[in-house]
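One structure coming up, written as structure tokens, with questions to follow.
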Amino acid sequence: MTEQEIFEDLSRKFGDKIIEFMEEGTQNPTVVVDAGTLAKVATYLKDDVRFQFNSLMNLAGHDADGETDLSVIYHLYSTELKHYITLKVFTSRDEPKVASVAELHKTANWHEREAFDLYGINFEGHPDLKRILMEDDWEGYPLRKDYVPAEFYRGMRIEKVK
Amino acid sequence: MSYFSNISSAITTLVDGMKVTMGYFVRPREHVTLQYPDEVWPIPTRNIGVGEIESYNTIRSKLVVDFEDCIGCKACERACPVDCIHIETFKAGPDEDIGTTKNDTKIKLRVTSFIIDMSECMFCDLCTPPCPEDCIRMTPDYQFISNDNVKLAVTPEERWRDRDHLIYEFSKVSPIERAQRQADAEKVAAAKAAAMEAKKAAAEKAAAAKAEQEAREAEKARAEAATATDSEAPPSPFISETPVDSAEPTPINIPTMESAPEPEPMDRIEVPMETIKTPEIPEVKPVSTETTAEPETSSEPDSSSEPENSSKGETENG
Amino acid sequence: MIQLLANWILSFDILSGMGISVAWGLSLFIVAALIFVFVAANAIVLVYIERKVSAFMQVRLGPMRVGKFGTLQTVADALKLLQKEDIIPRSADKVLFIIGPWVILVASVVTFAAIPFSDTLLAANMNIGLFYIVSISSIVVLGIVMAGWASNNKWSLYGAMRSAAQIISYEIPVGITLIAVVAVVGSLNLQTIIQEQAGTGNLFHWIPIPLPNWFIFHSPFLFVAAFVYLIGATAEINRTPFDIPESESELVAGFMTEFSGLRWALFFLSEYANATLVAFLVSIVFLGGWQSPFADYEGTQIGFSIITLVAIMWTLFVRAKTGRLSVYPLGLSLVITIAAWLFPGFAIWMASPGIFWMLMKAGGIIFMLMWFRWTFPRLRVDQLMYVSWKVILPLSLINLMGVAIWMWLTGEIQF
Amino acid sequence: MGRLHAEEMVLNMGPQHPSTHGVLRLKLTTDGEIVSHIEPVIGYLHRSFEKHAENLEYQMITPFTGRCDYIAAMGSEHGYAMAVEKMMGIELPERVEYLRVIFAELQRIASHLVAVGTFGLDVGAITPFIYCFRERELILDLFEMASGARLLYNYIWIGGLAHDVPPGFVEKTYEFLDAFDEHVAEYNQILTGNKIFVERAADIGVMTPEVAINYGVTGPSLRASGVNIDIRRTEPYSIYDRFDFDVPLGQGLQGTIGDSWDRYYVRVLEMGESAKIIRQALDQLPVEGDVKSAIPRRIRPPKGEIYFRSENPRGELGYYIVSNGKNVPVRLKMRSPAFSNLSVINEIGQGWMISDVIAILGSLDIVLGEIDR
């Protein structure tokens, strides 16, 4: 099934919660989904026999420029039907909130923790949302473009990032 | 029944395994151990097609510069992902002849400092291809052994002591000349600033800032035209310290240089910190080309960095 | 031997005044010191050999720096260990922490008192020698549990608990296997056991292959029993593949985790002392102890000739096939054979019993243990128990019964 | 008398532990020897690769990718180079493609040798580990010959290779391959069939296909569960469609499909398949061709994003790159295979003994460098 068909089907099912279909400027055609509906879309995509997107290859947080909304990108793959779809959700910078898919795709558990760790995106419904790569008491979200590292961490000087 | 087949398979497979080890035990020694200082690994030869330099066909290890051939273009400095190369250049005076490289390129910049910090180098070999003169290269010398009694860092002040022997200064320019050039550059900069001030005062307009900006840019463009030997090179962030030959060129004080003592060999040259410290960068370039010669990382911990370090130590303790 | 030494001391005019009890005590002390020196020197040599053996099995060279071919490496290591700081963790149980290693060491050194190195060279000729060794060596587990508990470290505790379970489990099959031999001899005296194995006889009583009268060739049951004992004893001394109490990749270092310096060296010492003890016991009980494998000097000549012939054929065969076999073993056996034929004195010496044969046999067993160690993976703790209770124990019981039946069949005993 | 009560004990395995393959910490909740819960704690080797990448030009990132998965640096570099090339639409010379495949597969063998050897080490067999490393050294010799480095190569550049291979490389590779088959037979003799090893690995930590896919497990660990997904085959990148090779799947030869033994044995078989690919690639390797001809002067991928995945020795290595048309990426996320592979440890390791947890961890073949990045 092509990405276009998937998008059309999703649009029929979820209406205006499916925001747009991006084919330009990306190698992986992307469906932009409303942040609140994402879990439902992912469940639908996984359970529907025509899609069977049972494998979440990748989950990446993204901050384009430090001003606009943060986004989360989901790369889905079906091991049965061997087709792909990329989902993207936007969430506000000040209060980033996305529904968690950790129960649906267990692999998302750690990936969401990573996105939380590095971008501060709150995944609602995540069983154990805490920092994974950085220290538990680290301040700030390092991969945000507007991140300014603190001078010291527990008395240790933080080397400036080149 | 599987009980007995288990036992029998256990015995047979274990004996099988023991055969292998015994086979190696009684075999004439085709050992893999290298008795390192007595035997050394045969360095593989490889021809990567750069120049005719025989020593180039080797493994990637210690990074060196044929300093006579360096034109100070800083292409390697920009290519370095970890900023382990620190170059300081000053524009040569109009009647000064620094020489030519082996490719007969006239050297236009006096390289007063060429530091390679091998303790930061990650041996990626990205700096060698951009070099227009093929003068920076990786040699097969992988034994970074210092015969000096290297002190381990015990205090914050001595933090970098333990890797002093890994910081190589290739420039043979004497510290006196270097200081001289630094002073000259500062003089030019001061003169420039004074001129700016005067200009600004004369203008007395709100557009003064804009004019200054324009002037700066113009200078920079000119300096770039002068310094950039590689057409690909983005404008260097070191422009501001380069003496800009505008209306009144300040010649380098050559007599002073001649009266200077013989330059020391390629060892570390004890240079006061002020000279190595880079002036403030006027604007932020694409981050990768940012080459701030961080005093505390690139150079010896001397007097100038002491207060900072000691205060840091206090903070850490506190 | 203590009696002999005491008499020898008293035979000197100057010393004769000290009285029999003082002389006895003095010789007791000397013998104990000798045993301890033997154990310590033995550990140093064995560590070197083990490192070399493992290196050769792993296409390495092993220690090569200190001394020629690294022969002084372990001496240097021992000196280093003695100099190391003695660390006792703050929250450790200090008393047990200090006692633990010594208990292990003492338990393993004391057993050597009953080992007959030759027909005269033994500290104490006990009539219950075998029983003494088995019972004393099981004290080791007490020291291990002490050390593991006192460390106040979870890994150490795991190691100690595993060790306790393991050693106690394997005591039983090992004991029963030894009983099978005792049943043949009818004595627990180790000298008697060895003397029973003198002379030459047929393999398994009936098969007409002339072999020494060792118990390993006594009957198929004792043949199996020898291997059962070897496996059980390997487990009892915590060596690979049964090294779960200190399994390096799981429990860091098991009960030894918190120990350093001298205390750790004591563990090491006792480990090798135990290995040596097992090797001695196997050679005493199954391989004729200090008896020579050759009946007389003609036997030596013929025996070595046969060995050399086999070695030549094997070497030629393997070299033709793969081209990868060292010729040194062949050369060694060739030299010995020629010497045995040329110098009858040498052959007679080879045929006579003595400490040389004891050490050779023990060395062979120790090599076997090393061979196991550097080949096999490690068993899991429950599999270890499986092997003990479900394989080794039934086998040893069958052996015990089988030996009894065998002796009845061969007419060694009558009802 | 107070009642004697038993409670579960929390055991910290790592970050300094012989068998955690780096600085991984496992919080084991144990009931005696039985482990009832495993919580991996990672991040001890976090070197902010992604943050670095956002501040480095594209060609400067290549050496950093190798440092993420330091056991298989060629694989990481290959994946990264292909991702950027796909963004820029670069057509590679044939010789480059073949050489890249040769190096990637050599790296796969080297990486699997480490995996097989350390798995043996984890269950207590020390000698096979040394044999494996001896073999690996020969591969590293080949790498050193070509790139000048033994561990971190920076050899596969965007648009080509750093240098062409030196004369004699092809012959030496053939030599290595000829000796290699014999040595694999030796590993099988000493380790694969060994009863103790089988007891330690078979039926331990069984991973069903559903669990594996749900947890995003990829690579040999996934194929050991019987799922036939190898990106080289399902979605051939580079020139993998030209080679004839099998995808070994776990068959449960000694126990259940998807147990630790299967994960181990799939790797052993994969080494043979990689050797097969290398042979074919060497046979077809074009003699002529400039390996640097396609290297772009400026690496500025057009505005856009890509998720590109390739088959690393440990599994699916994905690069999610967002470019805004400049010479520095806006976002570079490395979807490292071992990251997802490790996350399954609690699911398959629960209820086994401490020794088994170590065996399971070893069979997953993790590299902390790419987990923590």
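Going by the order they are written in, the chains are A, B, C and D; count residues from 1 in each one.
Methods note: a contact is a pair of C-beta atoms (placed from the backbone, for glycine too) under 8 Å apart; a residue touches a chain by one contact, two chains touch by 3 or more.
None of these values were measured; they are calculated from a predicted model.
K.L.:
Between C-D and A-D, which chain pair is linked by more C-beta pairs in contact?
P.N.:
Result of the comparison of C-D and A-D: A-D.
K.L.:
Computing the C-alpha centre of each chain, which chain sits at the greatest distance from chain D?
P.N.:
The most distant chain relative to chain D turns out to be C.
K.L.:
Of the chains shown, whose Cα mean is nearest the mean of all protein Cα atoms?
P.N.:
Closest to the centre of all protein C-alpha atoms: chain D.
K.L.:
Using mean CA coordinates as chain centres, what's the chain C-chain D distance in Å?
P.N.:
Their C-alpha centroids are separated by 44 Å.
K.L.:
List the centre-to-centre spacing of chain A and chain D in whole Å, with centres computed as mean CA coordinates.
P.N.:
Going by mean C-alpha positions, chain A sits 25 Å from chain D.
K.L.:
Quick check: how many Å separate the C-alpha centres of chain A and chain B?
P.N.:
Computed from C-alpha means, the inter-chain centre distance equals 40 Å.
K.L.:
What is the distance, in whole Å, between the centres of chain B and chain C, each centre taken as the mean of its C-alpha atoms?
P.N.:
62
K.L.:
Which residues of chain A are in contact with two or more other chains?
P.N.:
Residues 162 of chain A each touch two or more of the other chains.
K.L.:
Residues of chain B that contact two or more other chains, please.
P.N.:
14, 17, 20-21, 32, 287-288
K.L.:
Residues of chain C that contact two or more other chains, please.
P.N.:
Residues 57-60, 374-376 of chain C touch two or more partner chains.
K.L.:
List the residues on chain B that touch chain C in their complex, please.
P.N.:
Where chain B meets chain C, its residues are 3, 7, 14, 17-18, 20-33, 35.
K.L.:
Inside the complex, what are the residues of chain C that reach chain B?
P.N.:
Touching chain B from chain C are residues 53, 55-61, 64, 324-326, 329, 371-372, 374-376, 390-391.
K.L.:
Quick one: in the complex, what on chain A touches chain D?
P.N.:
24-28, 54-58, 60, 62-65, 73, 75, 79, 82, 86, 105-107, 109-111, 118, 131-135, 142-143, 161-162
K.L.:
Give the list of chain D residues in touch with chain C in this complex.
P.N.:
It comes out as residues 9, 11, 17-19, 33, 120-127, 130-131, 134, 190-191, 194, 196-197, 199-200, 353-356, 358.
K.L.:
Quick one: which bits of chain D touch chain A in the complex? Just the residue numbers, please.
P.N.:
By the definition above, chain D touches chain A via 42-43, 46, 48, 50-52, 54-55, 86-87, 211, 213-217, 227, 229, 234-235, 302-309, 316, 318, 320, 322, 324, 330-331, 333, 335, 339-340, 343-344, 347, 372-373.
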